[in-house]
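These are the structures, in structure tokens.
Both complexes below contain subunit A, partnered by subunit B and then by subunit C.
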Partner chain A sequence: MHTDKIDLLLATEVALFFERNPFTVENGEGVARKLGRHTEQVLQALELLVERCVLTRDENGTLFAYAPPYIAEDR
Partner chain B sequence: MQRLSTGITGFDNLIAGGFPAGSIIALRGAPGTGKTTAGLQFLKAGAEQAGEAGLYITFEELPEQLYADAAELGWDLKALEQRQLLRVLSTSPEVFLDALQDPYSFLMRVAKPVRRIVIDSVTLFEHIRSDDDLRGQLYRLRSALKRLGLTAVLIEERDPHDEVTTLAFLADGVINVSFEEKATGHRIREVEVLKLRGSSIATGRHLFRIGHGGISVYPALTTHDILPLDGPFIATAIPKLDALLGGGIPLGATVLLDANSRADYRVLAAAILTPFLQQRHGLALAVGPSTFPAAQQQRLVKRLAIDFERLAAEQRLCLVDDSRVELPDWVEPSVIRLANMLDADHHAATQQFIRTRREHADDPGWVWFRDLNAVIAVHGEDYLWRYFVEQQGLCQAQGVTALCLVNGSEVKPTLLAKLQRGATVVLKTWVDGRYQYFEVLKSPTGRVSEPFLLQYSTDAPFVDLR
Partner chain C sequence: MVESFLAQSSPCCQSPSESYPDRLVQAGLDALVHVPDVALATIGGWNGGKLVLHWTRRGDEGGQVASEPGDGLYGWVLRTGNPVMIDCFRGDWRAAPAGLPLPDGSCVVEPWCVDGEVVGVMAVHRAAEQAFGEADLRQFAAIRTLIEASASESQARQRQEQQRQHLQALTEMSRALVAATDPKTVLALVVDMTMTLSPAMACWLFLTDAETGQSALAAARGLPREVLPRLTAGAGYGPGLFQQLSVVVDGEVVGALEFMHSAELHPATHETLQALANMAGIALRQIQTHAGQQRLLEEAIFALVAALEARDPYTQGHSLRVAEFATWLAEALNLDEQEQRLVRLGGYLHDIGKIGIPEVILRKPGRFTEDEIAAMQRHPLIGHYILSHISGLSELLPLVRSHHERLDGSGYPDGLAGDQIPRLVRILAIADVFEALTADRPYRGALSVEKAFAVLEEGAGSHFDVDLVKLFLQTVRIKNALGVIPSPLEVTLPPATVSAQTGDDQTAG
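Now for the complex of A and B:
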């Protein structure tokens, strides 16, 4: 329960980061560095946000980008 | 060659209208010097003035901070993003470099096709873990940007006073921005274009300011059109100098010629003085043990066909002797002896000398070659501090044009400033290494010059500015 709570909080933080910086294209390590968080935890949050279609990821599965409806049609 | 306006007021004038399309520009500077603002202004200009999409790549600064900073300048970057004219893209150096090389890049799909790009900053490429060294990575970056046909500004976090970096060699252009502390203690921002392939550039440092609306550059050399002088003047033998002065030397003007000890001032002085003689002005000449009668024998005087005996016969020669020089008999009627006088007496005699130059209103006037170094040697700097402005004011009233020689590096800065204030025209020549330089520091038109290379030639006027 405790871990789930951290995941959700961190996922919210990551989602807000992408909302405020919508043209971010980063790997997990880069996002973690920009948030000042541990890479492994941020990677879990990124996975969660991809599952929820908040983020997209590249074919190699290493880069993440924001997928909000208003710019989805731009891609 | 197509050029892309930078959108920075005054800056395009320094670089022949803008960056050449497809060029790669290194923008170097220490923190806080305005590199990011300059980069964003370049993209904003492309978007708003030419409808060219731009991409700002930021590795450390978050886009949200850039949006906020830009808003302080009155720029709405998000609005440009919504119009597909701008992307402020946050990523890592290694991700970006990899993306540039990948034909199916995920990042470049997000970035959209653009014409202009700013990368902030390539200094972080130093930390990429790669088999390539920094030069290899920068070369790879350069090749990719060239392949894509982008006009790129690569920001480099460097003190411009540091050594030349690899990027400076690879880039088509190099621009330094810096804080400089002035003599008065205040700090100003300055920009200097060191290199721009295929473009003539205005060299030297130019002041710039950041305010609402962005950066404005104020070129150090005023670029307004030169209005011709209102009053009478005599052209020198150097057309480039005349162009800066608005035609030539105004009659009655005081021209300060600041020459360091290694610089040969004689040819320059001759190029200014001889046209006065051709216009039948009288010549007043400071004489010392080494200047006259030896002056008669100088090759330069002979080549300029200055005939002292004829000038003396026509009462158009006056030798001002401050040091009891032995002179030939024929010249004695033309000599004014001012040696061994107390300062006040010397000043009174000098005033008398100036007042008696022009006996009739229709006399063409006199030109006085004044050696201020000799005056200082005999009377000290205080003499000039007290009397120079008064004496030169009298010269102006009497139509006596004065060319005053001084070695500015050997007088107190306060005296030099006073001499410059009292002069209508201030010229400076100096030797640095194996070259002699020349510049106009003050002119009646308000125009000053960049340092010219002073080159001697075998044909009159024996000197040229390049």
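Now for the complex of A and C:
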């Protein structure tokens, strides 16, 4: 996926949204509504974040959730 | 000549530029095809890793073909950056990308550049074996210059847009970092944002221990768990390009943000990630400093509580148990971390003013006289006065001063009523009375939990907040069923307890 064509600010917003709400499981439309953004753009950002391992997607490919990173226990 | 450059053709390297505006291409083609005797003009550039060629035939249609980089004549010009002029060109499938309807005749193929780099080709073909003259070449050069200037401007706009996005993303990230109160949040932010903003396939963060100087893996994303123990700072892992950014705080390197990425980093991305790494370092240090200050403050609070309990042994453990009960209620109310902390510290310190009450009163075994009651009732004011000298505890002042106030205004020292009594104070008041009732006193034994509940229920609405009492009872019942109510003997003061002495306390605490 070419990041040139993706609104990185929106991708940042989406990533921060899932970070702040790590138990959210939502589809593209739902995330777009929560952020007040266009669904099509949000879907592009969601795709990018799945590709970059920040989010995971369900088997049907419609629901997205945060994939927590590895954080050392003693931190 | 054709043979010589065809022999050298090989897959071209990737171009840094992958996009240029279509309107620019169309304008260039229109201009080229109007040069005398030009039968076909092409302009092409990189798009999605392919050489995409747009073409127009005079008085006819146009089209677009995409080919692998390095194919034929055009690919050679792209790769070498040298122009080619051929007076006698006869169709050779190797010379042109498939699908491009090149006529036999003569041609000029030139590279076009942006910021000194070859990013595309521009070509004109004649349908006759007729050499291009100087005037023709000057015209082509002028058109090429216009194409290059427009493309350069277009790329500059793209760069600006990208920089704007990075800057705004950085602002968003700095807001999130400033709001972060624990190191785990900061670490997650760093790896998540690195993956979001860069073409990273995996990233990780090493932090250096200030005392030992040893680096340890603090966070990672995009790598299988089993490889994490094998990661070494500065070594990279797996395929791709390795990038390391130092995390610098006050001129000191405190760690390294490392990642493997699939494509060259845009300078704006590099700058953004460097800023992110440094901001994260600062955020981590601030959290560490703040935690250290909080620890120091809490140790000072325990020292104060120990000093109080040395003078008032009958209430030994009272403050700690009040703190625990109040925290239960705060948790049940889902108060945020800061409010829970205030309630807990308020529990520790609410009776600190008793330090200013004469020991003869504090340790009196029998009932108090009216004067002694008046003296005891000064302890919230004394506590308020003592703590008002510690700026870090200013938020606790209402808790210390008002924990004996009652909803109907019959409490002391200020006779506050209703909404004048803050919620955290109401919580503390319930915890304080419950603890006093369920603890042994010289003038009576400890009441059972159910009897203490009855007292609280009786006072609900007049002394205590009705809803809070209900929730408190419910919470304590659950804790009681689980057997986790602390008894006076179970609660000890960190860092040291005070040995039991004789004395008395007839107030709720």
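To be clear about the criterion, the second predicted complex is superposed on the first by the 63 of 75 C-alpha atoms of A that agree within 3 Å, B and C clash if a C-alpha of one lies under 4 Å from a C-alpha of the other, contacts with A are read in each partner's own complex, and residues count from 1 in each chain.
Here is the rule we use: a residue touches a chain if its C-beta (ideal position, glycine included) is under 8 Å from a C-beta of that chain, and two chains touch if they have at least 3 such contacts.
Everything numeric in this text was worked out from a predicted model, so none of it was measured.
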Quiz item: Once the shared chain is lined up, is A:Glu13 touching subunit B (first), subunit C (second), both, or neither of them?
Solution: second
Quiz item: Touching A:Leu49 in the superposition: subunit B (first), subunit C (second), both, neither?
Solution: second
Quiz item: Is A:Gly30 touching the first partner subunit B, the second partner subunit C, both, or neither of them?
Solution: first
Self-check item: Touch count on subunit A, higher of subunit B and subunit C
Solution: C
Quiz item: So, does A:Glu59 touch the first partner subunit B, the second partner subunit C, both, or neither?
Solution: first
Quiz item: Now for A:Asn21: first (subunit B), second (subunit C), both, or neither, which partner does it touch?
Solution: first
Quiz item: Once the complexes are superposed, what residues of subunit A are shared between the subunit B interface and the subunit C interface?
Solution: 20, 75
Quiz prompt | Touching residues on subunit A, where the partner in the complex is subunit C | solution = 2-4, 7-9, 11-13, 15-16, 19-20, 48-49, 52-54, 68-72, 75
Quiz item: Taking the complex as given, what residues does subunit B use to touch subunit A?
Solution: 62-64, 81, 84, 87-92, 95, 99, 104, 106-107, 109-112
Quiz item: Considering the complex alone, what residue numbers of subunit C touch subunit A?
Solution: 18-19, 48, 158, 162, 165-166, 168-169, 172-173, 176, 183-185, 187-189, 191-193, 195-197, 199-200, 202, 216-223, 225, 228
Self-check item: Residue ranges of subunit A in contact with subunit B within the complex
Solution: 20-27, 29-30, 33-34, 58-59, 63, 65, 74-75
